[in-house]
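Right after this note come the structures.
Heads up, the next two complexes both have chain A, just with different partners, chain B and then chain C.
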Partner chain A sequence: MPAKLEQELTPAVRTALVDFVRQLADDELTLGHRDSEWLGLAPDVEEDVAFSSIAQDEIGHAVYYYEILQDLGEGHPDELAFDRPPSARRNALLLERSNGDWAYTILRHFVYDVWDAVRLQALTRSSVPALAQGAAKMLREERYHRMHMEMWVRSLGQAGGEALQRLTAAVQPVWADLPDLFDFGPHADTLVSSGILPEPPAALVDAWAQQVRPVLEAAGLPWPGLPARGAHTAGGRRGVHTPGLEELLTTMGSVHRLDPAARW
Partner chain B sequence: MEPMIRADQTTMTPDEAVAGPDRLTKCDAAAGADGAVTCDRAAADELRERVLAVLDEVKDPEIPAVSVRELGMVYRVETTAHHAHVQLLPTFVGCPALDLIRAAARRRLAEAGIRAEVEFVLSEPWTPDRITPEGIEKLRQFGIAPPVRPGAPSLVPPCPYCGAEGGEIENLFGPTPCRAIFYCRRCRQPFEGFKP
Partner chain C sequence: MTQSTQRPGAVQGDASLSQKPPVGYEVYEVFVQPSQLEPHTHVGSVWAPSPEWAIQVARENFTRRGSAVNLWVVRRRDIAATPYEDEDFFAREFDRKYREVSGYSDNAQRWKRFKARAMSIEDVIHDVREG
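This part shows the complex of A and B:
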């Protein structure tokens, strides 16, 4: 991306762009790592394959975003992925939570996948070519994650019994993290006015709800409603994270830190 | 480390787009001592054909039956008389084979004595529609069902072994990012297919 573009960016727009690409990258990296933690532990071998494949997609997308940051002079993708402290991370809190049980994992992934799809759909019209091109491609790939998670939400709900109970129990903690997921950080207005994000956040939230609600209802879950919109002062988009992220980063970076200069 | 995928900074003119992405030739526009611009189109065309022939020998390491050209991964080949610029499309952004494919393309072009740059771009999303008829047939022979057409009522392709339709999705995720696992009710066994 683009030396060419960079010359056209005002400092305020550049700051907003860097912050936003960090959000996109860190969301994908963090969830991708959580997905990988299911390897060998998922309910059956098909899910081992599915979650490994999904993890690979998410981390591949993260790399694409980190390379955009690299082009913007923000450092090497490996450093961006492994060496930044939690305070420099911009992922949503929802994605750093430990995996919990299968129902929480599925519901979290489903609500994120719909959010990611809505966000990517908007980004296909981004003023930043690298984001627009990447979004068009990633949207096609994320579609399968979402189909898979939607199938699971319906199956767990329609199975009734303990599966429905656990799915129901997952709603509250997932919903508590939604305002943070929907936050675009301190530069949201600049993102929209510059066309980097060519859609106001509120419209994205509405589109998200329209797609999530019917699936929850088909699973036998009452629609919990949208969280109240409030002002954000903390949270993932502003670098205020939970101990879960610290733990994740320690694990994820343990091999990298053995020999940061190693070539793989 | 160089980026795996580059944002495309060049813009295609409508004429180029009509001509077809992997059919482009750019002439040398070097000004001679007398100021005249020379353009050796014949030599550039010939080099382009050689590049395409080399790319026919570059395989996806995870699907060695088909070349990257047959998979529709070659987006654009621009040549002058002495130099080629090859743009490839990733099937999936996070595909771990991209690095190997790019390295293999560079190595084979170098072995053929061709000076070339090879890079991945996202100028347009790769879709299974880009797989050539030869590629589809080779995939089928390899035991991988080609993808269903866009807008098809079912995501499940016909069984590559017996041709039966009406199979099931066993797993949307398979051994590589671009493949899924289906189940043939007639053969009573799973088969692999390209994700639609």
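This part shows the complex of A and C:
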């Protein structure tokens, strides 16, 4: 359970915090669900179990964030997870894309895991105790997700042939979604000035690139460079999503909607 | 399998689903040590292309529930083992009951009987001296 939010928040800071925790929660839930779609389909049975285990970790992290939102008076975690329309979701577009092939799934997961680790590292010093405590715990699990995905990226690249071809083909679509992944939404300045996010986004992007580049190069992929930084007017952090999220939410919530009042 | 005997929904026989390992994969036996005070215990095996991968997938497959402080993976072909065909290796042709502890199970009663008899001998000596 997250620590109780005790400090008094000004309305502007509160709004920024709610928006940011939604980003964190929705990122984890959305990717966790996409991961779970590989159940029964992963390259081998060992990976099938491993990937599902990682999916469950991501969902567990989402629950932690939804409980923070519950503390902030934003509703029950089940409602937050299943009942919000796409316009109320704040996950990055990268994470709602359909899984594509294994190479895209792995590359997407790897770049996200590094981003998540960089973001969590900063959050261990957050002015919000619940975020700081949660980040320290999640980092311990995410380290192994990241190690797992990194081994896959290297293995696919070093295998050459079709594996390298598919990995190379995955770079462009993943990179196209990076600016949206790196966006902190309309309240980014408030997040930094209030210490909720005690690190400017640009520094996080640099730290991300430093960790991703050597792995890509070890896999035999040329470094595509960082995407240009531009102003955001739309995208996942601002509730503007792709049809992929609609489809994901319909599937994910189908059991919940059979009887929303059921106790599990 | 012929068309007439195939059940609805049954998976068509597929050579790729046979027991042949994927290229470069090997079987690794997995041992988990639940705590520093306990030995590593064999928990199962995984297919993996390298020891590093074996550890990765063993972590998620065998240590998700329950605690662990250490994990071993051992390439199955590196394990020296007795052949199943060599049944004589484990042959027990003669009665080996004398090696089993069951012979000691009534020790307490025997000891009691012996002590009872010993005391009676002492009683005899005592009687002799007194007499």
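Simple rule for what comes next: the second predicted complex is superposed on the first by the 257 of 264 C-alpha atoms of A that agree within 3 Å, B and C clash if a C-alpha of one lies under 4 Å from a C-alpha of the other, contacts with A are read in each partner's own complex, and residues count from 1 in each chain.
In this section, a contact is a pair of C-beta atoms (placed from the backbone, for glycine too) under 8 Å apart; a residue touches a chain by one contact, two chains touch by 3 or more.
Every value quoted in this text rests on a predicted model; they were computed, and no experiment measured them.
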item: Three-chain arrangement built on chain A, chain B and chain C clash or fit; value: clash
item: Partner chain in contact with A:S155 - chain B first, chain C second, else both or neither; value: second
item: Touching partner for A:A50 - first (chain B), second (chain C), both, neither; value: both
item: Partner chain(s) touched by A:E58 [first = chain B, second = chain C, both, neither]; value: first
item: First, second, both or neither for A:M147, with chain B first and chain C second; value: both
item: Per-residue contact with chain A, leading partner among chain C and chain B; value: B
item: Touching partner for A:K137 - first (chain B), second (chain C), both, neither; value: first
item: Residues of chain A contacting chain B in one complex and chain C in the other; value: 46, 49-50, 53-54, 144, 147-148
item: Complex contact set, residues of chain A against chain C; value: 44-47, 49-50, 53-54, 144, 147-148, 151, 155
item: Complex interface listing, chain B residues touching chain A; value: 1, 3-5, 7-9, 90, 92-96, 121-127, 170-175, 177, 180-181, 195
item: Complex contact set, residues of chain A against chain B; value: 1-2, 4, 46, 49-50, 52-54, 56-61, 63-64, 67-68, 70-71, 76-78, 129-130, 133-134, 136-138, 140-141, 144, 147-148
item: List of chain C residues in touch with chain A within their complex; value: 22, 25, 46-49, 52-53, 56-57, 59-61, 64
